[in-house]
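What follows is a set of structures for review.
Here come two complexes built around chain A, the first alongside chain B, the second alongside chain C.
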Partner chain A sequence: MNPIRAYLSAVWNILRKDLQVEWRGRQGVPVMLVFALLVVFLFNFALQLSPDLQAGLSAGLLWVSLAFASTLGLNRSVSLEQENKAMDGMLMAPVDRSAIYFGKVLSNFSFTFLVGLVLLPVFSLFYQQNMFKLMLVLVMVLGLGAYTSLGTLLAALSIQTRTRDVLLPVLLYPLALPILIAAVEASRSILAGQPVADYQSWMTFLLACNILFTAAGLMFFETILEE
Partner chain B sequence: MVNNLNTMSANSTGQIVVKNLVKRYHTRPVLNKLSINVDAGALCILVGDNGVGKTTLLRILAGLVRPDSGEISIGKSGSSRESQHRRMIGYLGHQSMLYQDLNAIENLTHYARLYHLPEAEMIVSESIRSVGLEESQYQMVRTYSRGMQQRLSVARSLLHDPEVLLLDEPYTGLDKQGAQFLDKRLQSLHQQAKTIFLAAHRPHRLLSFASHVAWLKDGLIVEYSSVADILGKSDLAVYLQESA
Partner chain C sequence: MTKKPKLLRFLDILCLILVPGALVLILFFTPTERVMGSVQKVFYFHVSAAWAGMLSFLLAAVAGGIYLSTRKQKWDWLSLSAIEVGLVFGLIAILSGMIWAQPIWNTWWVWDPRLTTTAIMELIYLAYFILRSSLNTPESRARLGAVYAIVSAATVPLTFFSIRLFRTIHPVVIAAGGSGGSAFNMTPRMLLAFFVSLFVFTLMLIDLVWHRSQLAELQAINQGEGG
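Here is the complex of A and B:
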């Protein structure tokens, strides 16, 4: 088989397996969704802000919800592979191990992006803000892409530890802070109706984060997973 | 110490050559300049006390653990760390490597696709039949007993028809019927000239059809002998008698 085709086939097989496991078990996305919706509801009722302030806050709250929900998904992704040492089975396969990384990134991204798409109408309803904007979806793609690229790498780092549930957020949040700041700033500008030039630099930064963390995954994933 | 290593070039398909392998966990040495040469087609039982490093050795050979130093060669060229080379290795560890929320067919199909097996559907179906799990092939693995999971793990490790089999305590969790099934399967694989390197805490049931025994002690292979010559190795014979 053509090496590139074999590589892409391995990435797709890992993504397909994760989707299949999620469809059967339904232990990841529903939990992420419930958690994200709870954050939305709690902040809405706790803050009791005026419509103007709510609109300004919605970008920040959207990303807080997505970050927390994504971390839950990453933990689930790790425990899935750690249960019965299924990760060893994939590491034994004659595929480039970075394909495992990309497969896991794509599945983690898919689950979190799905949660994000569900959150958009909920935010529109509770925070009286039109969230159905193409550029906002693009920011979500870039922001979640960078977040899950970094998160999957750190989840692999924590897979060998007994305290992985605690370790992952402790490692992830400080390192992901620049991604979240850029995503919030870009989202806020989009929701405020500002021109693209005003938030283009944040979008470029998010794109750079995607490239950086994907490259880091390519370089370090195999080393991280070997004992 | 018996060191059967004559050359680092493993010329035969399935030959395992290890030279001066060192692995430390923190500062504790587990394998200390270990060397062994398992011939192609051999069924070698790796014996040794608990915690002596049997699992570590097998996991290093499988490419799952990085050694601190030393050389490993499996088959004609390269090491188990190379991606294409992993195709010739089948590994059965302490845990099943199966996904609990998938059934037997889905689990094996996942692995068949990762190994790019042609006619994966037929191979998976045949593998499940060979371990006697046809009736429960559509059940989630979560509902399987320990023995059924072990049978499916055996099918998983043999799915891609590997030349070299690394088995770590494969009889764990198997009932009498399951153990007899595994005996027959190992004998059949041995007859097919597959190289089998098998860690067993209680090796007696294997001595009737194994070809070699390697004794791991203090981080080294202290004895490596054909089964026929065990009586001449008094220490190994005593150890095997005591572990019965």
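Here is the complex of A and C:
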């Protein structure tokens, strides 16, 4: 087998394993989903949203609830590997460590993206506006891609600490701020029905974030896990 | 115990002379700004502190990178020291900026790109200390701290850029010139005082970081002996 195929198959195996664990246990996505919905309800009461305000705020609420819910999934994806020292087993496998990182990013991305897809009809219903827009889904792919590639790296970092997963939000939220700003702004433009030219720069920005944080993951994932 | 280097002592004395010297220059040599009055004099130390803060965070990332490739502890001490000193300079920049903003903008705080980026930067680097304090071995503190310092330094410009883009798309209430705008129309005396302040703060930064990393070295020796 040539090296590229071996690498891709290692990535695929990790992704498949995570999807299988999720499918059999169903302990990640449902929790994230319920949590995201709870965030929406909490905000609704905390901010006393009137119907005319809701439409303008729905993009922001979508991303805040996604950002909060993803941390649950990110933490779970690494803490799962710490149980029974499964991570040690993976590290011993004769594959490039970055393959583990990519596999984890892909599985984290799939879970959060799934949560996002379920949230769309819910938001459409609650905020009386059509959120089923192709461009919004694209923003979600770019935004969640960047968010999970940074998040996976920081989750691997925070799991090494004594406080374990408690630390992740403190590390992740300030660093992920540019991603959230760009994603919220792009989503808001799309929901307001503006032409692509108005939010194109945000999409490019998100793409750049994806590249930057994936590169950071490639460079540092191995350093973080070495013992 | 390691002896205090001669150059460091020289820097100490230089700072002791130059910091009050710069203050005298600012208070008595520079003309009073026509519109803003004497409160404009905050500007010299304010910009210098912000500059020193940024520079030291950059230094911390570079030192972190060198640590990861050489694995020599002294680079970690340098990285840690630079972040600690940078945090203080950042705080000085924010506080002195607030003192200026209260009479000029009639508010202590505005969600302007520069202010927001500086505040987020402080939060990012506060998290650095939480991260370090929850790690057990000096080696893991150094290794994970270095990774975090590098990733953080990469996101700071992203944050600034994203907030700036966000403000240029939307109408801005306070002119983007802000404190920096006045830098372009200064009298020669003001310009002189400004560059002297920048120079003095850079010297002070080197001096403080050096001292702090000597302290880190002593702490490490002490801990090694104490078991």
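Just so we're on the same page, the second predicted complex is superposed on the first by the 221 of 227 C-alpha atoms of A that agree within 3 Å, B and C clash if a C-alpha of one lies under 4 Å from a C-alpha of the other, contacts with A are read in each partner's own complex, and residues count from 1 in each chain.
What we mean here is this: a contact is a pair of C-beta atoms (placed from the backbone, for glycine too) under 8 Å apart; a residue touches a chain by one contact, two chains touch by 3 or more.
For clarity, every value in this text was computed on a predicted model and none was experimentally measured.
Q: With the two complexes superposed on chain A, say which partner A:84 touches: chain B (first), chain C (second), both, or neither.
A: In the superposition, A:84 contacts chain B only.
Q: After superposition on the shared chain, which partner residues are touched by A:181: those of chain B (first), chain C (second), both, or neither?
A: Touch partner of A:181: chain C, not chain B.
Q: Between chain B (first) and chain C (second), which, if any, makes contact with A:92: first, second, both or neither?
A: first
Q: Using the touch definition from the top, say if A:21 reaches chain B (first), chain C (second), both or neither.
A: In the superposition, A:21 contacts chain B only.
Q: Pick one for A:13: touches chain B only (first), chain C only (second), both, or neither.
A: Once the two structures are laid over each other on A, A:13 reaches chain B alone.
Q: In the superposed arrangement, what residues of chain A touch both chain B and chain C?
A: In chain A, residues 226 are touched by chain B and also by chain C.
Q: Once bound in the complex, which stretches of chain C touch chain A?
A: 68, 120, 123-124, 127, 130-131, 134-136, 140, 143-144, 147-148, 150-152, 154-155, 158-159, 161-163, 165-166, 169
Q: Write out the stretch or stretches of chain B touching chain A in their complex.
A: Touch residues, chain B against chain A: 59, 62-66, 83-87, 89, 91, 93-102, 106, 110-111, 113-116, 140, 156.
Q: Across the complex, what residues on chain A touch chain C?
A: 150, 153-154, 157-158, 160-163, 167, 170-171, 174-175, 177-178, 181-182, 185, 198, 201-202, 205, 209, 212, 216, 220, 223-224, 226
Q: Given the complex with chain B, which residues does chain A contribute to the contact?
A: My answer: residues 1, 6, 9-10, 13-14, 17, 20-21, 24-25, 27, 80, 83-86, 88-97, 226-227.
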